[in-house]
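One chain, chain A, appears in both complexes that follow, with chain B as partner in the first and chain C in the second.
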Partner chain A sequence: MSNAQIEIQLIASLVAIACAIPGTFLVLRKMAMISDAISHSILPGIVVGFFITHDLGSPILILLATLAGVVTVVLVEYIQKTGLVKEDTAIGLVFPALFSIGVILIKKNADDIHLDVDAVLLGELAYAPFDRLLVSGVDLGPKSLWIVGAILMITIILLFAFFKELKLSTFDKGLAASLGFSPVIIHYGLMTVSSITTVGAFDAVGAILVVALMIAPAATAYLLTTDLKKMLFLSIVFGVFSAISGYWFAHWLDASIAGSITTMLGVLFLLVYLFAPNKGVIAVLYREKQQRTEVSLLTFLLHLKNHDEERERHVNHLNEHINWQKVRSKTVLELALKNNMIIIDNNIVSLTSKGDEFTTQAIDYIITNEDAQIEDMKDDFFLFRG
Partner chain B sequence: MDIQEYFSLVFSDYTLRTITLGTAILGAVTGMLGSFAVLRKQSLLGDAISHAALPGIAISFLITGAKDSNTLLLGALVSGLIGTFWIRGIITKTHLKSDTALGLILSLFFGFGMLLLTFIQKQPNANQAGLDKYLFGQAATLVESDVWMMAIVTGICLFVLLLFWKEFKILLFDKDYAKTLGFNTKTIDILITSFIVLAIVLGLQTVGVVLMSAMLLAPAAAARQWTNSLATMVFLAALFGAFSGVFGTAISASQNNLSTGPVIVLVAAVFVFISFIFSPSRGLLFKQIRFIKNRRDLQLHKTLAFMYNIAETHDDISHPHEIKILNNFQGFTKGTLKKLVEKNYVTLQGSTWSLTNEGFKSASNLYNQLTKNDE
Partner chain C sequence: MSDKIAVQVDDLTVAYNYKPVLWDIDLEIPEGVLMAIVGPNGAGKSTLIKSILGILKPIAGSVSIYGKSYDKQRSLVAYVPQKGSVDWDFPTTALDVVMMGTYGSLGWIKRPRQKQKKAALEALEKVGMLPFKNRQISQLSGGQQQRIFLARALVQDASIYFMDEPFQGVDATTEIAIINILKELRKAGKTVIVVHHDLQTVPEYFDWVTFLNVKKIATGPVKDIFNDDNLTKTYGINYKVSIQE
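Let's turn to the complex of A and B:
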């Protein structure tokens, strides 16, 4: 590994961490699309800043672009407050307009500005190590490493300083407000940090990757845990993992690093989306199927309890009267048998004492409108689940 | 070329005519379908879909190796649909919220698309140049066959829209009711979403991935301000969209170095801006005027009520009182007094005022809602 390669991976990892922290809160606060809006609408700020300074790394440019990001948030909120359109429409109206202004500014001044819209959207991490920070002739490393590092430091300090406030206002706005934490200040603080992170990172990795690095690791982590600290930790791990593996994938493919990191994030999310233990799609589908069978079982047991006639309790009756398919009735019967709820004698089904007890309790819960309790009851009675 | 020249050339010049027609049709169809997206609170879906279309374009180029816009758009359509249904899957099957799902799919698909695009650029195939026009769109590359394609799709959209108008409408405003009536809401839902995806994909070549969502939203958001009727809104949105297309093309053609996509978006944004402010029933301007008028009415009523309370204590209701005693009362100004005199509720004599019979009557009925025409 050459020096430049290490530096690229370092920058990518730092960006990933710096994005994962505000990203987690954005996802939890249902404001993920705001980060997309910010990442687009910082463009006019960048262009104007570049006009003035002619340097992509200058603090004035970062300040102006951050301002553009905050202006977006304010505008979106203002439009929402008028009640003329819904929140999401407001977002969708503001950022394309600002982005268009940026694109037109660039195109109109193409001779003065050596700024490519592609570069703003996509960044080029591969060139980041070439732009070095020189202080009185001493090479201190790549400029973007310093910028991203500084932003990360600020983010971490703010996170530790205001963790309690952030947590409270994220999960219970009303309580936070009544305890005297101003939700408005925390909201705009978070928005400002998101803007700064977006601006600081776009130079290295591009605006779109910033969005991906903010939302994807947090969303992936959210599928695995509901603990805020664990979620923060996991999203940082996912971010850094994608950054490093993405770099090598791009290296192997000889393609855009930003695109490749995003792809790694996508693969990671897809895996977790499918296979997460409790909230993954497969687990959810399995649970839904299980619950369907168990509901059928309950219906069947209730039916048995209601009828003493042999005709109503005959196995074939299941197919004929309750209109179940063969497979379905077979699964239900087997499940009931395995759990010792019923005995089948000469194709006549009758409840065991355990089955009777279960059914009686279930009826109690149903008539007292406490259906939810049945879920807990199942744990006591079922040896095997559906 | 200035704008006048543009309009004289638009009917004779092939390129200009094609582009203008193309953007106009595009604006109309996106405006039309955008109305549904906006009303279904799926405004940002367009943004996600347009970004999600990018890998489709790259993959269909990788497979066919051809740059025929129809095949590329077919790829875009497929990947846009995959993106849309994945978003839906995330929202229904997990506890992630819609904004997260949208942002996720948007950025992941776009990043993957960029990976493929940069990968294609490194390929030893001279044909690959120009794929990046789908990023920001290049209306100038429109040819007549593209416009025909747009016209046909618009025609189909219009046909389906008219055919299923009732179903779309009921799904839009009362989904549960539609279900109880026996409509297959899932099919209608998929149908309308697919058409939205189709409209977005059509616009990629002209406006580009990044700005396409605004084409969908802006005309619809503008149209929403002028009417409460769905039919009128769809019609107005189509109109606004078409005009944004034409004006945008005109402005960008009349200047150097102006790309068409962003200008169209800005023109559409101007439409929205004007609608937000000047729409008679919802607009901010008239709302403010109504607000001020209401406040003035209230002040007038308060003054009258105060006078009534004073006059009530006297046997003669027209007993004159000093104006000075009103001064401490909040809401009293010379203006309100003058207005009351104009209405003949109060007469002035030197520095005193007295309530007239008429004024006394309307004041006593002030809170009985009998004086509706009172101003």
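Let's turn to the complex of A and C:
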């Protein structure tokens, strides 16, 4: 690997981490779309900043663009508060307006300025190593690396300092307010960090793909864990993995790095969506199938409990009687036998004492809906896991 | 019940989009009562609690907790929001939610430590939820979730407890467990204020009641003012008929 290659992967990874942290909270706050709004409406801030400084890495530009991001949030909330339109409509009104101001400004001044819309929207990571930070003639590495690194440091410090406050206000705004942790301050803090991160990342991956880096890793992690800290950690891991694998994918295809990173994010989400152990599509389908079988089992056991007559308990009679297909009857019989709930004697089925007890408990639960008594059953049966 | 006033509300008016939902409320809640706030849907019951707790800003009036503003007395007050006001799919455990009750005494930036964890475990024990401490909150039943919320308020070790519909969507066992804890709190001299829906249980559960319907209709001891007259004034005509059904 050349130095430039390492630098590109390093920048991409830092961007991914810086995006994954606020992204996790945006996803949990159901505010994914606001990151889309921010990423577009920072454009006028960037353009105006560029007019003033002629330097995409200037702190003034970053500040102006961040301000534009926060203004977006304020405007969205203001419009929403009038009660005339819903939040998604407000977002749809605000960011195209701000974005178009940026587009017009660029086009009007296209002759004097080397800032084209493509670069802003899609970024160009491949060129990042060319723009070096030189201090009195000494090369300190790519400028973007320093910018993104600085933003990431701030994000991490804030996360460690205010983790408790972020968690509380995300989960329960009302309690946060009553305990004196102003949800408004925390909200705008998060929005400011999201804006700064977007500005810092846009240079590398462009305004559109920043959204993917914020939302996709968090959404993927959400499917895998029920612990906020693990969710943050997994988001970061997924982000970095996509950044690096995306880089090599682009290298191999000779295509856009940003596009490849996003593709990787998409592939990763798809895989987790399908194969996640609890929330994944396959796990859900399997669980539903198991639940169906368990309901059948219970129906069957209850039938046995209610009938002493032998003709009602004959193996062959069950197909017709409970109106099941052969396969289903067989599955249920086998399941009951495996769990020692029935014995089959001369084709006549009877409940064992274990089966009898199980049926009573299960019926009790279904009638009273009281959870505590069946805790031990939850491990063996899907049906009772809510 | 003592002679001290725990919560005093003066001339409180709250509006959403300039439409008043609470109008000129005067209310004195004596220390040590277990009080129900009753009224029809949209009467402003939750709004009243939220305004007292500074979550909503009133357009007029003032609130004091033991004679001082809420901001100064925060540590004396615990709040149980409506169960439906939070996302139970949030990635966290029962224990962690209860720990949130300790955040107020910690203040900004400081993290909970062993002491807070111990308090949270004790509160879980009190509501009978200790075996579920590591369970993800979406895996709890409605009644269990409500108990977690109650434990979170208990851990605050407050003097005044505000609860917004703690009996909503809970099973009978949980309802009894909750009311027993509330009665214990009262016995310990705490003041408990509950937004309540089920009029039938008011005389059995509470010793103090406030009738609310945008305006305050009446407030006082259940045995003196919980009658058809006030019910009718609060809920409209012929209330007696529907309560006896």
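Operating definition for what follows: the second predicted complex is superposed on the first by the 348 of 386 C-alpha atoms of A that agree within 3 Å, B and C clash if a C-alpha of one lies under 4 Å from a C-alpha of the other, contacts with A are read in each partner's own complex, and residues count from 1 in each chain.
Heads up, the rule we're going with is that contacts are C-beta pairs under 8 Å (C-beta built on N, C-alpha and C of every residue); 3 or more make two chains touch, one makes a residue touch a chain.
A quick note: this is a predicted structure, and the numbers were derived from the prediction, not measured.
*Asks:* Which of the two partners, first being chain B and second being chain C, lies in contact with A:A32: first, second, both, or neither?
*Replies:* In the superposition, A:A32 contacts chain B only.
*Asks:* Could you look at A:S195 and tell me whether it touches chain B, chain C, both or neither (first, second, both, neither)?
*Replies:* After superposing on A, A:S195 lies clear of both chain B and chain C.
*Asks:* After lining up the shared chain so the two structures overlap, which partner does A:S242 touch, if you call chain B first and chain C second: first, second, both or neither?
*Replies:* neither
*Asks:* Check the residue A:V85 against both partner chains and state whether it touches chain B (first), chain C (second), both, or neither.
*Replies:* first
*Asks:* Applying the document's definition of touch, where does A:K164 land relative to chain B and chain C: first, second, both, or neither?
*Replies:* Second partner only.
*Asks:* Let me test your reading of the model: by the given contact rule, A:Y222 touches which partner, first (chain B), second (chain C), both or neither?
*Replies:* both
*Asks:* Mind working out whether A:N339 is in touch with chain B, chain C, both or neither, as first, second, both or neither?
*Replies:* Touch status of A:N339: no partner.
*Asks:* With both structures placed on chain A, which of the two partners, chain B or chain C, ends up touching more residues of chain A?
*Replies:* Counted on chain A, the partner with more touching residues turns out to be B.
*Asks:* Pick one for A:P96: touches chain B only (first), chain C only (second), both, or neither.
*Replies:* In the superposition, A:P96 touches chain B alone.
*Asks:* In the superposed arrangement, what residues of chain A touch both chain B and chain C?
*Replies:* 30, 222
*Asks:* Help me check something: in the complex, which residues belonging to chain A touch chain C?
*Replies:* Counting only chain A, the residues touching chain C are 28, 30, 83, 161-165, 167-168, 170-172, 174-175, 177-181, 222, 225-228, 230-231, 368-371, 375, 385-386.
*Asks:* In their complex, what parts of chain B are in touch with chain A?
*Replies:* Contacts found on chain B: 38, 41-44, 46-47, 89-90, 93-97, 99-104, 106-119, 122, 132, 135-136, 210-211, 213-214, 216-218, 221, 224-225, 257-259, 261-263, 265-266, 269, 272, 276, 282, 284.
*Asks:* Note which residues of chain A are touching chain B in the complex, please.
*Replies:* 27, 30-33, 35-36, 40, 79, 82, 84-86, 88-89, 91-93, 96-97, 99-101, 103-104, 107-108, 110, 117-118, 121-122, 208-209, 211-212, 214-216, 218-219, 222-223, 250, 253-256, 258-263, 265-266, 269, 273, 279-281, 284-285
*Asks:* Which residues of chain C touch chain A in their complex?
*Replies:* 17, 50, 53-55, 71, 74, 77, 79, 81, 85-87, 90-93, 97, 100, 103-104, 106, 108-112, 131, 136, 138-139, 141, 143-144, 152, 171, 173
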